[in-house]
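Across the two complexes that follow, subunit A remains constant while its partner is subunit B and subsequently subunit C.
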Partner chain A sequence: MKFTKLAAASVTALMVATPVLADLVFPSLSYRTGPYAAGGIPYADGFADYFTLLNERDGGIGGVMTSAPECETAYNTEKGVECYEATKGEGALVYNPLSTGITYQLIPKVTADDIPLYTPGYGRTSAANGKVFSHVFNFPANYWNAASLAVNHLLDTNGGDLSGKKVALVYHNSAYGKEPIRTLEGLAAKHGFELLAIPVDHPGQEQKAQWLQIRRERPDFVLMWGWGVMNQVAIQEAANIRYPMENFIGVWWSGGDHDVVPAGDAATGYKAVTFHGVGSDYPVFDDIQQYVVGAGKAAGNGDNIGKALYNRGVYAAMLLAEAAKKAQEIHGTPDITSSMMRDGMEALEITDERMAELGMPGFGPAFTVSCENHGGPGTGAIQQWDAAAGTWSLISDFGPSDMEVIQPLIDEDSAAYASENNIEARCN
Partner chain B sequence: MFYREAGDFKTSYRDDSQTFPIRLDRMGYYILMFVAFFVVPFFINDYWVNAVFAPFLIYAIAALGLNILTGYAGQVSLGTGGFMAVGAYACYKLMTGFPEVSIIIHILLAGGITALVGVAFGLPSLRIKGFYLAVATLAAQFFLVWVFNKVPWFYNYSASGQINAPERSVFGVMVTGPNTEAWAKYMICLVFVVVLAWVARNLTRGMMGRKWMGIRDMDIAAEIIGVNPLMAKMSAFAVSSFFVGIAGALFFSVYLGAAEAGEAFGINKSFLILFMIIIGGLGSIFGSFAGAAFMVLMPVFLKNVLVGGMGWPTDLAAHFEFMIVGGLIVVFLIVEPHGLAQLWRLAKEKLRLWPFPH
Partner chain C sequence: MPEQLLFAMEVTLNGLMAGVLYALVALGFVLIFKASGIFNYAQGVMALFAALTLVGIQQGQVPFSHLINAVFGTEIHHFPWHVPSIIAIILAAGVMVLFAYLVEKYILQHLIGQPDIILFMATIGLAYFMEGFGDIMWGSEIKTLDVGLPQGMNLAIDETTFNMFGYGFFIDNLDIVAAIVAALLVTSLVIFSQYTKQGRALRAVADDHSAALSVGISLRFIWVLVWSIAGFVALVAGIMWGAKSGVQFSLSLIALKALPVLMLGGFTSIPGAIVGGLIIGVGEQLFEFAIGPMIGGATQNWFAYVLALVFLIFRPQGLFGEKIIERV
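Showing the complex of A and B:
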């Protein structure tokens, strides 16, 4: 039968496929195709380039070479499952799928397989509660921090008073986009503004109706939880209805260079939340230029350096490399397993001095991860786009988010997960 | 020479009308069943079940369901993704609402609920046909996904609108949740596939199937010879949706473990399953399996060859995958517009005469 033939052929294909075995494996479930590739490519490049830099410059981590084998998910959960299973056997230390949908799917799986899952700035927000989510880490900041940071910025620019204002949320109609709604509802109650949630269905190429609604409702501010092609379209539509860009704030996933460039000059003034530094003015990028791009070993063609999402990929890779180093220290062996990696992530400590040593002074916050807190400090800043210069610049300091509203929500959501899945609280 | 029916005599009507009248076919079928039930479970690992067998078996159920409706009864449907979502959400609500009841019963009930929904959306088929019906079922697709996104009751008011399958077991063996053994996951899918394929085969060759095919071939003529179009069409929608609902329930609970309506059950899913039955062969049980195998296994196979075997960059391989699969679909449809099932039938005809074709 046809099926048996195909099965036999795939058996041979799998046997031919010998994985590249390196000692420290950080699989990169990336997406370089599909409607979300615009954000996926620079992130995957940054992630891969940092590990290449460690190999080329330092000879790996603690003397052991690293590798970041890629697997294409196209932001699709079924392919994500296939990629997870395919790379799991290669000694994967930690997963960073860059997709909230895939994260939801992997949370129970990684816990059963004893592999940590790292979701910086995305994924399931309540995973910040380490008492319930033993294998999931989302430091240094999560969606609910972002929502609060955006509202804090609005408070700052409006003299600390938002009562009677109307804030619209344009969101990707998926788990990702729905995450901030609860926090924003809490914040709306606290500060007395009105929240208007406007969903955009996947992939978001058509948003005329949504922006017509914004034109009619005249919200004072618009927040956006978008990803992929949806961001570009939203910014273009906002420009088309002449919505004032300085009142339009995106989450960090809506703050890439590729999101604002298509709208041209009209995008000037658009703001986005960020949890790490902007631009390429850090020594680490000179090293990447020298050891990786210069040596012809870059994952992309090297023109993404300094772009917002490339930086985020580098930042994520750096934190994982530091955690791996910590794990090597704790367990006294350079050849760590995924279980040791989890311990390293839970004991991770990032200081300002260490950031400077790594060539990233002030790039991200100093923080420590603990058994209870897997979410980091939740600090962030606001960046603003200047189309003429073609750069993002920070217009605020890295400030704290409103944990008074967020923490109860984290506790509530993680308690619901714990009771659904009969999880005993850890860290007692 | 090897494959022939000479000397294979039938002495009863029962023997004559069996599914595999040729002894060699029958043997092949028994061997396949033996391997599927008694060999594969001992060798299967997480990768094989999650990347190959679970999706293949589950999509085969969905393709069987759509083939009953489109291939046998001639009613074009673009609502398969939406009906799978009904199965998945029904299963989720039942699993979380009645945790003490067996998951098998929940999956069957989810199929039943989907059958009711399918009948409701099938009512327009009494008045409209062809492309117009396709558009009506397209409405079902969008409406159902919208409902599951919009009404928080369906996802138990979770913050993200995701549904997560809790752990459930059959006879003390975990079949859903992260701690499921590979063989358990495989076996539950396999049992459903085998039972449902057997049901489908026997429905389609019995009176019900003949009524469906009568409606498909010429509905007015069928009505004149006494086929009730209301009953025939509604039963086709009900049985088809039952199958699709079970596929949706398994897809969510056993295979993915977590899902959201828009991403997992979007319009793409409807098209994918429609392509499966077109490539596999409309109106053929084997075609449903062949089509599902082609659409599920081909991309995984190509990925393993291009990325794993030849070391290509993942993005290049992903683009080539689209082109190769697309090209193969075009080639297959030009060479044999009736699908892989017809190719298989022709191959068997040729083999019967081989090596003396005259």
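Showing the complex of A and C:
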């Protein structure tokens, strides 16, 4: 009798303690600790808050509630892979690891497990080729688009002529940081500028030699491919040597609020490439305030709303939610699997009207994803920092990147991957 | 004067300045190793924790606010005040003294007589605990450190060198302040250890634990004292490095910059930490300037260790370290 009571109590306790499992699971491999937390926190907040908004405002996606359980990677590749292995059995629909290192490790795993991998603006650039990378998506833009967009901006601001100019690239001395070099070499050959590549070792706390070199070489423009503390130190060092900030352009991973704030007023004028809108002047953020922050359900304390990385997290979550909706439509069921999610991502169509309906008019480009093109349109804009106002402003329209230079590189790199891994091209 | 020579002079000067910042971190390691034989793996995290505490106090941040809000459903983040920098520095130094007391009471006291490797392991545990504790206490967001230190190019040096050589040298004002602070710190430490009762006790413990104990010196007091001083040195290092990049968790990685300095200068010598820092600073910057571009650049991190290894081969105890002689 005692045992029966105990067993009944245990079962009841277990039922009460076990959370109700959400049907649509979007794991968030986040990093809220460690050296890269400053960028990881706002992104993770934005990603989580958008799914909370969908639950609170719309009752989930297609009537099914969503969840974005977090697994802390600390931006560590091994931990990221552990997170993937630990969570993939919990109904994960798609992974967005926010790390190029983790992405490279996960590409073969997700393909084998039939789970899509979403890496907007990071990861393996040539994964834009859907014929080779069936489960990897990096729309709406990738690193090589970013390099081209930065050069396009230089062309726009220099009468379309960069011949004889010197462009320095200050980059994180890692696979990530080296990504734009080939594209920039191609663009340098095309437009006649000289490229000066200057590496900075991890973590990038000491960059005196690099910035003294820039002071000596006097490049006309400096591009930056940094992450973490490297960004803050570089912007401070640029200010120290009085390098004109309007000639200094970072990739979108060097364009967070936390990258410019430590340098204070000296950072005013610094630019960065972006593939989405800036600030909080969009209806979706009012909804997040009302349904998420106001209801006490925000992932953070709500003060990251409108910051560059927060917006990127929201944008990534929105695109995944739209892909999930598309998957529900295609397969005629609200309870989709990861395989169906992949189909939804491959058939994703974002229109300007839909962006307006979502409360994000003009926040990102209209585009479609296809079997061949997992990379989207590759468009982007330039944002500029105003320290006094504490805001980024878009100073250009969203424009295209130079696919004439980028596409052959994507084809070449993806062909090499296909050959190494015996992958037959799809989409025939 | 040839342009390349001028550039090399500028790089050398900046290397010296960078070396001072490395030495500031190395100093904390030396103090603890000298007094207790412990290689304090947590020194880098101590710099991070001290800087986090300083900014937190200065900005009136409520400690553990995330935890408090999560448990009690409140929405508190900041006190309605902003503490002046000097008071915040004093309070942060006070927190580091309290930290030293707690480390002695709850860790070191229980490990007296244990092999060095056990004490080293304890500091590894302490480092990770402090990193997590600092995160819970102050949050992981990047914080701007503003205690009024000047930053940017020193115009006087730029102008003077331009008038002399036709090329203005770049020296960061923050580096000049760091050099002055480091000089004051070392002078104060030397005066303290040479001319005060506690300083003499500290040196006695450093020379021979057992002999010091036998003449009535309290080992526990000395440990609290030396960890407090190392905590203060960590606070100074945290301020200097944090002013450059904001206070963020990568600050703990500055310890990596101290290791080659210690290998070169010796683990037991304060002048060794300073001279070692300067040699490493100048060596790595000159190598990057002269050889770096030929081999792809970004040589500073690994070259510092190569330089330290070369010195180690010829003087295993470091430039100023004490030769360990064990008699059977």
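To be clear about the criterion, the second predicted complex is superposed on the first by the 408 of 428 C-alpha atoms of A that agree within 3 Å, B and C clash if a C-alpha of one lies under 4 Å from a C-alpha of the other, contacts with A are read in each partner's own complex, and residues count from 1 in each chain.
Quick note on the criterion: contacts are C-beta pairs under 8 Å (C-beta built on N, C-alpha and C of every residue); 3 or more make two chains touch, one makes a residue touch a chain.
Computed from a predicted model, the values in this text were never measured in an experiment.
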Query raised in the report: Once the shared chain is lined up, is A:173 touching subunit B (first), subunit C (second), both, or neither of them?
Result: both
Report task. Considering only the touch criterion stated at the top, classify A:240 as touching first (subunit B), second (subunit C), both, or neither. Result -> second
Query raised in the report: Which partner does A:200 contact after superposing on A: first (subunit B), second (subunit C), both, neither?
Result: second
Requested in this report: Could you tell me if A:388 is touching subunit B, subunit C, both of them or neither one (first, second, both, neither)?
Outcome: neither
Query raised in the report: Thinking of the overlay built on chain A, is A:33 touched by subunit B (first), by subunit C (second), by both, or by neither?
Result: both
Query raised in the report: Shared contact residues on subunit A for subunit B and subunit C?
Result: 32-33, 37, 41, 173, 199, 201-202
Report summary line: Note: in the complex, subunit B contacts subunit A through residues 28, 32, 46-47, 50-52, 55-56, 96, 149, 158-162, 164, 166-167, 177-179, 255-260, 262-264, 266, 289-290, 293-294, 297-298, 300-301, 303-305, 307-309, 313-315, 317-319, 340, 344
Report summary line: The residues of subunit C that touch subunit A in their complex are 7, 10-11, 14-15, 17-18, 69, 73, 75, 77, 131-132, 135, 140-142, 144-146, 151-153, 170, 172, 241, 244-246, 248-254, 257, 284-285, 288-289, 292-293, 296-298, 300-301
Report summary line: Given the complex, residues on subunit A that touch subunit B span 1-4, 6-7, 9-10, 13-14, 16-19, 30, 32-33, 37, 41, 70-72, 74, 76-78, 81-82, 84-86, 88-89, 100-101, 104-105, 107-109, 111-113, 124-126, 173-176, 178-179, 181-182, 199, 201-202, 409, 413, 416, 420-421
Query - Residue ranges of subunit A in contact with subunit C within the complex - result: 32-38, 41, 173, 197-203, 205-206, 208-210, 212-213, 215-216, 228-229, 232-233, 236, 239-242, 258, 261-262, 264, 266, 296, 301
